[in-house]
Structure formats: C-alpha cells, structure tokens
Amino acid sequence: MEGYMNIKGIVNFIFELGQLKRQKHSGYMLAGVKDPPTVAEHSLRAAQIGYILAIMEGDANPEKVASILIIHDNPETRISDQNKVSARYFSAKEAGKKALQEQLQMLGKEIDQRWSDYYHEIEERSTKEGIIAKDADWLEVAFQAKEYLDLGYESTIDFLDNVESAVETESAKKLMKEIRSVKFTDWWQGLKKMTYEKLK
Amino acid sequence: MEGYMNIKGIVNFIFELGQLKRQKHSGYMLAGVKDPPTVAEHSLRAAQIGYILAIMEGDANPEKVASILIIHDNPETRISDQNKVSARYFSAKEAGKKALQEQLQMLGKEIDQRWSDYYHEIEERSTKEGIIAKDADWLEVAFQAKEYLDLGYESTIDFLDNVESAVETESAKKLMKEIRSVKFTDWWQGLKKMTYEKLK
Amino acid sequence: MEGYMNIKGIVNFIFELGQLKRQKHSGYMLAGVKDPPTVAEHSLRAAQIGYILAIMEGDANPEKVASILIIHDNPETRISDQNKVSARYFSAKEAGKKALQEQLQMLGKEIDQRWSDYYHEIEERSTKEGIIAKDADWLEVAFQAKEYLDLGYESTIDFLDNVESAVETESAKKLMKEIRSVKFTDWWQGLKKMTYEKLK
C-alpha cells in the first residue's frame, strides 16, 4: 500500500487537522457564549452519537456512521465554521467541497475515494448511514444547546427547536424528546463519593 | 509634517495600545463575570454609539465624537481599568492625565494638541461632543450590563440604574429606556436561514 | 432628527455589535495562536493607527479616517472573519455588502448614507481617507503579527511580508520599516517604577 502514499502529504494533513482544535463553533456566540466549543470537540461527540443511533436504528453500519462523522467537518480547517446567520449571506457548500477535494489529494487514492463518498453521503443524505450521521451532527448541537440553556443562555432554546424540526430518524426523535426533560448535570447525581469523615 | 514626527515613538505607542486588547473591564468581575470584555472592545462599541448619538442629537460632529472615544481610554494601557469600588480608595483622574501626557510626547505636537483637547472635552464635558462622548461611554456599559443581566448575572441591574442616572442627552435617555425592554439576542430573530430540507 | 429614527432598531443594532467582542481574528490560528484578538480589538487599534497616518500624510481628515475604521468590520457580526486561506475558496465581499445594507436599514437614512459611503471608500480605496483607512487596517495586522513573532510564532513573518507589499502610503511604509526593528515590549522599558526598598 505504502508505495501509493505520500508520507509528507499525510503528515501535513494531520497538522492541518490541528485547526479543528482552534476553530470555534460560532453559532453559540449569537447566544452570548464567549468561548464556545471547538469544531473538533463537536465532531468527537457527534461520532459517538452517530454510532449509538446506528445501533438504535438497527439497519445501518455503526462503524461507517462514526467514520463519516470524524471527517465530516474537515473542510472547516480551511473555510472555518459558518453559522445560520452567515448562511443568510452566502452558502459555504461549494467552498467546502473544493477544500475537501484539495485536502484529499494529499492522502492517496484510497482515502480520497472513501472520504469523498462519506462526504457525499452525509451532505446529500443519500444512504441510511448518511441520514444517521446528519441526525447525529444536529443532535450534538442540541445536546450542547441544552447544556447552555440549563446554564442560563435562554436563546439556545431556538437551537433545540430547529434540531427537533430537522432530524429524520425515529431514534433521533426519541433522544430529542428526552433531552428536554433532563438537566445536563443529572448524569452525576448519585455518583459522587464523599471522602470526609465526621470527627468523632 | 514628517519632520516633526518621531517614527520610533509612534511605533512604540501603537505597540503600547496592544495593552487595551489584554486589559479587562474589571467592574463586571464584581458581578461574577470571570472573563469580561477588554477595554479595546468597550471603546470600539462606545465610538459607534457616540457616532449614532451625535446624529440623533443633530447639533454635534459625529466624526469628532467617535475620535474622542477611540482615544479616551488610552491611559489605561498604563494605569489599567479602575472600577467603582476602587474609586473609593483613590482617584485615577490625575494618574490618567499624567499617563496620557507621557504617551502624547511620543506622537508629535499636532496629535498631542488634538488628543489633549479630546481628553479634556470628555473628562470635563466642556463641549457638546464631550457630553455626547461621555454619554456613549456610559451607554456602552449599560448595553454590556444588559447582556450580562439576560445571561443571569443579576447584580448588573445596578450598572443599568447608575447609567440611567448619569446620562445627560435626550437621545441617550431614549436608548436607555429601550435597552430594558428588549433581549440582547432580539437582533438575530428572523435572520437565521435553515439550510436543511426534509427528506421526501 | 428623531422623527427619522427607529429607537428599537438602533438598540438592536448596538446589541448586534456585541458579536464583534466575541468573533476572533481567525488568520492567527493558522500560526498556532489558540485565542487570537477579537474583531473589535483589531478595529479599535486600526482606528487609532488611521488617525495617526492621516496626520502624518497631512492631506486627509483624521476624524473621518477613524470613523471609517470603527465601522469597517461591522458586517462581520453576521458573516464572521474570513482569513486568507478561506479566501481561496470563496469571496466574502458580496456577502459583506449585503449584511451591511441590512444593518443600515435599522439606523435611519442619515447614518445609512454616511456609513455606506465610508464602506465604499475603504473597500474601493476611492478617496485619500479610504486609502489611509485600508493601510491602517493592514498595519494593525502587522503590529499584531510582530507581537506574535516576538512571542515565538515564527510563521507570522509571512503576515508582515504581505502587509509590507500591500500598503500604499509613504507614512505606512515608514512605520512598516520601523516595526521590524523594535520589540513589541520596548514601549515600557524605562517606565517601570520599582517600589521595594532595601531593608536597612
């Protein structure tokens, strides 16, 4: 395999991915969040959500869904994150496709083919895995928005409403319903182990 | 002109202004804000508010008001921002004046004269432009305080009350009234463009 | 004047400007900067540089240059900051113009006319004030890049080279030359006052 690959290109590409650890998700800034999560942080949780959704749905390959999600925001190293207000003024879709193509040229034919397919599947929602991946992408935003809502950023309720309208799978709809009925801190209730002992 | 100017002094002065990008507005820390806006962020919006107020008032030069506001916090590169609690213990007024004078020595006679005048006008509110600039300086604090109030920092209501008592112009009073009746996120309601399409 | 103005529109617009206090200058992220300055921080220093350049050039109105610069990045509340890599994939120019027009509808006829003219002057460099404002916009980046260079972000030397090629006025060229020969910390050498006394 190695004969076909450009080691220098791969190394440069991996450094390029470092941008995803600096680029922030700008949508939350509209709600007043000063320092929102990075694109990388979003994608990591989206990949795990997608895997779980695939198992819930039952008729999709969870590893493929996760793989789609770990690469789906790669163009944002070059074109950065665009929010729904900026979408009013320009579409980043063609730009994203071009940035992806240029990135993939560094990675050899096999990755190029696979990741181009992945990108098409999530963007066009042309396969079950693509549909699930897109739902997971949106759901991750809903989870983050709920966290901010619980913290007092009231306008993020708008993000929850939009995700609820957008998701397609039954499993995503079930999760959305539950999200609203919990607090984001519920998970650790009962987990804490108190370590002090009363004196005498 | 050039004969009178000290290029090295100007360059050093512009680097000194970099401090305004790091100095934080400490007053909001009293309300529990961990990472408040910088002095530079405050001054930029204050300048735009001042410009608008001058147009609203009708009998003042908006470009002059904006120019007063972009330089009015320059002494804070050296003496940093002082809040209303620290004002109980010392007056920053003389210190600010001295810092400004030393800065202006680096910039040549013409800028020295103009900016000294600007500083006097806003500090003493000795001209219509100075009065408007001071109102804008306070109003910017009110806008920021309202944002924090909407985000749950309840004690910032005190900042709003103080600004309301302080402003002099009719236009500033009108804006103050309206500030309280909106949410800081109202501006983007209706601007978001959803980009997904429902499948089938 | 007041009859022509929409107080609610003005208040919403000033809250919208709050985005400039959150949006970061993304170009520096390419150099590895995790938390670069905001758009507001950039614009405030650019306005002061523009004022100084106008005085140095001698044949331009410094208050107008400053006023152009305080509003020139307003569209970035909606379309966010684009860097020179993203410019490879799409142009934000038309989007910026549309965003500005929509903003100005909230501010009444007089500000609309003035700020539309300002924006045209800096974007097209159609007046002496527009040329100086654009030089100041670039110079501010050079000053920031030099600061990062001194801090060890070596690749920002590329930003300095690009600004040096771009600036048009003689005064900007003089400052560019001097920027490289100083350290960004030179300004406070000699200003520190030591406050301890040796015991005995």
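We just call them A, B and C in the order they show up, numbering each chain from 1.
Basically, a residue touches a chain if its C-beta (ideal position, glycine included) is under 8 Å from a C-beta of that chain, and two chains touch if they have at least 3 such contacts.
Worth saying up front: this structure is predicted, and the values here are computed from it rather than measured.
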Find me the chain with the mean Cα position closest to the mean of all the protein Cα atoms on display. C
If you tally C-beta contacts per chain pair, the winner is B-C
Max Cα-centre separation from subunit C goes to chain A
Look at both sides of the subunit A and subunit C contact and report whether the same residue positions are involved, with over half shared, or different ones. same
How many Å are there between the centre of subunit A and the centre of subunit B, using C-alpha atoms for each centre? 38
What is the distance, in whole Å, between the centres of subunit B and subunit C, each centre taken as the mean of its C-alpha atoms? 16
When centres are defined as mean Cα positions, the distance from subunit A to subunit C in whole Å is 32
Which parts of subunit C, given as residue numbers and ranges, touch two or more other chains? 18, 78
Complex interface listing, subunit C residues touching subunit B: 1-2, 5, 7-8, 10-18, 20-21, 37-38, 40-41, 43-45, 47-49, 51-52, 55-58, 61-64, 66-67, 70-71, 78, 107-108, 110-111, 114, 139, 143-144, 146-147, 171, 174-175, 178-179, 182, 184-188, 191
Subunit C residues touching subunit A - in the complex, by the definition given at the top: 18-19, 22-24, 26, 29-30, 32-34, 78-80, 82-83, 85-86, 88-90, 92, 94-96, 98-99
What does subunit A use to touch subunit B in their complex? 30-32, 34-35, 84-85, 87-88, 91, 125, 131, 134, 151-155, 158, 162, 165-166, 168
Counting only contacts in the complex, subunit B reaches subunit A at residues 35, 147, 150-152, 183-185, 188, 191-196, 198-199
